[in-house]
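Next come two complexes, and both contain chain A; in the first it sits with chain B, in the second with chain C.
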Partner chain A sequence: MARIQLENITKRFDDVVAVKDLNLEVDDGEFIVVVGPSGCGKSTTLRMISGLESVSEGTIRIGGVDVTGQEPSDRGIAMVFQNYALYPHMSAKRNMTFGMKSAGSFTDEEIEERAMSAAEILDITDLLGRKPGALSGGERQRVALGRAICRDPQVFLMDEPLSNLDAKLRVQMRAELAKLHDELGTTTVYVTHDQTEAMTLGDRVVVLDGGQLQQVDSPQRLYDFPENRFVAEFIGDPAMNMIAVDVADGIASHPAFSIPLPDGDSLSVGSAVLGIRPEDLYLADEREATSPETFEATVSVTEPLGDSLLLHGQIEGHEFKIQAQPRRTITPGDTVELGYDPDRLHLFDRDTGEAIYHSDPTASIAPSGVTQ
Partner chain B sequence: MAKHDATERDAVDRYTGGSLGGSLPDNLWMHVGLIGSIALMSLPIVLAALMSTQSVSQIYEVTNLAPGGQGVDNYTRALFEHDLFAFMINSFIMAIAIVIGKIALSLLAALALVYYDFPYKNAVFVFVLFTLMLPVPVRIVPLFELMVNLDWINTMWAITVPYLASATAVFLFRQHFMSIPASMVEAAKLDDIGGIKFLIYVLIPMSKGMIAGVGVITYVYAWNQYLWPLAVINNKENQVLQVGLKSLEGTAAAGQIEWGLIMSGAIIALIPPLIVLVVLHKPLLETFGLQQK
Partner chain C sequence: MIVLDHCQKTHVVFTVVEGYIEETQARYTTQMSEQSAREVFTNNKEAALLLLPTLFVIVMFLYWPAIDTFRLSFFQTTLTSERFAGTYNYIRLFTSGSYQNSLFVTFGFGLVVVGGTMLLSLFISFMLYEVDRFTSIYLITAIWPYALPPAVAGLVLLFLLQPDLGILTYWIRSIGSIFGMDLGLDWRTSGPMAFVVVSITAIWKQLGYNIIFMVAAMNNIPNTIDEAAQLDGISRSNRLFKIYVPLMSPTLVFLIVINTIYAFFATFPIIDLMTSGGPGGATNILIYKLFIDAFENFNLGYAAAQSLVLFLIVGVLMYIQLRVTDRYAHYG
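Let's turn to the complex of A and B:
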């Protein structure tokens, strides 16, 4: 177990900057998830920690030791790959022990003991004699995890390990990964493009975009207090609605509505972007109004999701998504009256995209630099 | 149930090209054509096999196509009286040495070309491919001179070493290695598994089919070498089978060439590569990306 420190990490591939000036500290025993869209530099970051990719600038420390120039095998890490990287001609057990045998620093009994205990943790004792071809996707994933556990590393690195599994198995393995981390307590860096995985697994979540760090926070705070528009729109499904408004004297006004911002009396920033999540909008007749204002929208598309009804509404030609209660008979063309949760409003700077206001009353613990 | 059977039957029929009665007229001419061309192609071998059992006088009766009674005699004479057995052993050693040497060398070259970074890597690969334009027969004069300088004339070295470098094998192995996922190499790197260890424990077991395929092609190629051994080996003890076969031509009985003896020699020369081909035909087809139903 060890602490990982990334200091001013930059990675350039010829002219392309894949990761730019990244600073990150992962605490001892922490499960940290790196999430972002394709090409955001998340895998590159992981590969730089593993040593499979060199660092253009900056320093990487694992357990306080500068490992920037070290070989991957000297860093005390174990990696789980998206395609598992199991050797097809070796049995599951040999796959798990092959690396350790080659390293030569373990005795045969030690290797045997570790392989068996890893197999027990992962419940794959019966599968050890089989080759990868005779294993299902989930079983292969377990063997790949077993190979990593066997080596008793300081750090686990996981590169989208669940992406090749079907949806049901993914949910199951996700829970098992969380359990496994509780049991082993090894520092883990986990890369994924799936925000559900990021939110459910991570002690903290790192959001990357365009090779730059956007925000590092606990999943709930990431959802409640996004530091910028990118994070606000990336986290949460369906994505947060964004609409251009004018803010003066604590009131956000738009041709179709004007929304008073709670505790935002002093706010006069001129043009800004108002963010409201679809789940924080509701149909006015669904429940007792919590908002001082309601406004009307024309429904253009309805998507029944079973547990809710997702409406695409137009307000002055601007598209909005609303998560309404299920089993309603609403058809495209209908006009609906919308209410909103006044505690869940967000304002972003129109030019920089930085958050300037969160209406949540607990926002006193909001990230520094964000005005309430 | 009956309906289900019928559907299944239909499916089978479609797969096998229809029941015999139903679709014979469609396929008849195609089958005649196929059988005809197979017969035509196998005719020389069938005739050789027939003639290898006949006596000299039987062969000269052109219309006599029945197996003769001199088979055992022809084969024993060819093998032992005319030393084909000894030639065969030489050919066998030469072919095996070339197969092993060529595969070992090509695997190492492909390993370097795929998994190591060095300057002008692609240029080196192109240069290796360039050697395809210079097979042994083209290099025969300078190569002979080199053999003389090395004092390798009449040795096994002379008929094996010049064949070891192979652009084709390097190319095939390189392409195959490139199809192996990069994460396997990375997993090995994390475990500190070096290049040679990776080759032996991972790449070779994962390339068995390709290695067997290249082995078959190389074996048949090496077995059939004629011109270079003829040039560089000039004593009987070290000669190979294909050249030895030629020496049978000089034998004559009562002024007539002993075709029976020569044909039995030809059949003897044919059998070892045929066995290799039959045993390893599957990996050979895989090597060329062909599939067998």
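Let's turn to the complex of A and C:
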């Protein structure tokens, strides 16, 4: 178990900057998830920590030791790959023990003991004699995890380990990974493009875009207080609605509506972008007490999701998504009256995308520099 | 009774006609597709006629010579006559000292050439696989000898290794003289040395072919397996022999078979050019010996018997190789 410190990490591939000046500290025993769209540099970051990719600039420390130039095998890490990367010609058990046997610094009993205890944790003792070809995807990923556990590393690195599994198995393995981390308490860096995985697994979540750090925070704070437009739109599905407004004297106005910003009396920033999540919008007739203002929208598409009804509404040519109660009979073309949750409004700078304002009353713990 | 008005009647008629047209079309299309699928020719004779040239070539130049070789091996022949001799040729073969020597030389040569080619190509391929700069230049350099016909390869090395004037022999002698050794290096008179020189030439010639296949096989191994091995801290030699070789094994099996055939048959021009089987039969491999017996001594019957034995030897070897390697090869 160890702290990981990334100090001013930059990675260049010829002219392309994959990761730019990244600073990150992962606490001892923490489960940190790195999330971002394809090509955001999340896998590159993980590979730099593992040593499989060299670092163009900056320093990586694991447990206080500078490992920047060290071989992957000397860093005290174990990695789990998306495609499992098991040796196809070796049995599950040999896959788990091959590295230790080659290292030569373990006795046979020690190796046997570690393999068996890892197999028990992962419930794969029956599969140890089989080759990867005779295992299902989920079983293979367990063996790959077993190989990582066997090494008893300071740090687990996981590169989209669940992406090759089917949806149901993914949910099951996700829960098991969380349980495994509770049991072992090993520092884990987990890369994924799936924000559900990121939110459910991470103690903290790192959002990357274009090789740059966007925000590091606990999942709920990331959701409630996104520091910029990218994070606001990336986290949450369906994505946050964004609409250009003018803000003067604490009122966000748009040709179709004007919304007073709670506790935002002094706010006069001119043009800005208002963000409201689809689940913070509702049909005015669904609730007794509605928001101070309501406004009308024309429904263009309805998507029944089972647990809710997702409406695509048009307001003055802007598309809005609204998560309404399920089992409503609303058809495209209908006009609906919308209310909103006044505690869940977000304002972003129109040019830089930085968050200006979050209306949450608990925003006293909001990130510094952001007005409540 | 249902009375149809004019309009309805016309409609019904049209529907019937339309249906008929569709049906005919469908039938016609199926006929067409069936025809193109299996009945290209209206009768079998036409097909047989078109097959005839190919069959003629195969029979004339493959089956008939093979059968005639079998027949000839039981005859004593001179240039103009043949006489049935029963198993005489075979008895003569297995009691002949020079044939036994040739057998011994051939197996030695086969072992050295197949083993040497495989091992050297494996190392070179691994290096080519691991290097990230100038890869294609290295690859072309390594594969180049394969582009030469065996006779040319033989000639090139004949010049390079010529005992008195060859560049390589000159360098080897110079290096030897640093350590105070006077290396004669006259492999034209030394049997073991000639064997070594011919083996080197044969291996060098075959490297390129092996490297192409081995590099391709290595590139087929998923990158992440290599990365997993790096994380596991597996040494390079362990990585090569414990991970790469097993995963490449289907290719390696194929190459062993090809190299064996090469060593037993295709090295003929090299031997012919460089040593003519000498000195003292040290490089007189079976294929060369049977050529001499057939076309210089004109003892076709004797050569036919040798040919048949050689065929059986290589056949059995192939069978053993495939059986043994089948047990170890990993086919994914």
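Everything that follows uses one rule, which is that the second predicted complex is superposed on the first by the 371 of 372 C-alpha atoms of A that agree within 3 Å, B and C clash if a C-alpha of one lies under 4 Å from a C-alpha of the other, contacts with A are read in each partner's own complex, and residues count from 1 in each chain.
Just so it is clear, a residue touches a chain if its C-beta (ideal position, glycine included) is under 8 Å from a C-beta of that chain, and two chains touch if they have at least 3 such contacts.
Only a predicted model underlies this, so the values are computations on that prediction, with no experimental measurement involved.
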Subject >> Joint occupancy of chain A by chain B and chain C, clash or fit >> reply: clash
Original post:
Touching A:Phe81 in the superposition: chain B (first), chain C (second), both, neither?
Top reply: both
**OP:** Return first, second, both or neither, reflecting whether A:His89 touches chain B, chain C, both chains, or no partner chain.
**Re:** both
Subject >> First, second, both or neither for A:Val65, with chain B first and chain C second >> reply: neither
**OP:** Examine A:Gly133 and indicate which partner it touches, taking first as chain B and second as chain C; both and neither are also allowed.
**Re:** second
**OP:** Starting from the residues of chain A touching chain B, keep only those that also touch chain C in the other complex, and list them.
**Re:** 50, 52, 71-74, 77-79, 81-83, 85, 87-89, 98-99, 102-103, 147
Original post:
Which residues of chain B touch chain A in their complex?
Top reply: 181, 183-184, 186-193, 197, 201-202, 205-206
Subject >> chain C contact footprint on chain A (complex, rising order) >> reply: 50-52, 71-74, 77-79, 81-83, 85-89, 98-99, 102-103, 133, 147, 151
Subject >> chain A contact footprint on chain C (complex, rising order) >> reply: 222, 224-225, 227-235, 238, 242-243, 246-247, 330, 332
Subject >> Touching residues on chain A, where the partner in the complex is chain B >> reply: 50, 52, 71-74, 77-79, 81-85, 87-90, 98-100, 102-103, 147
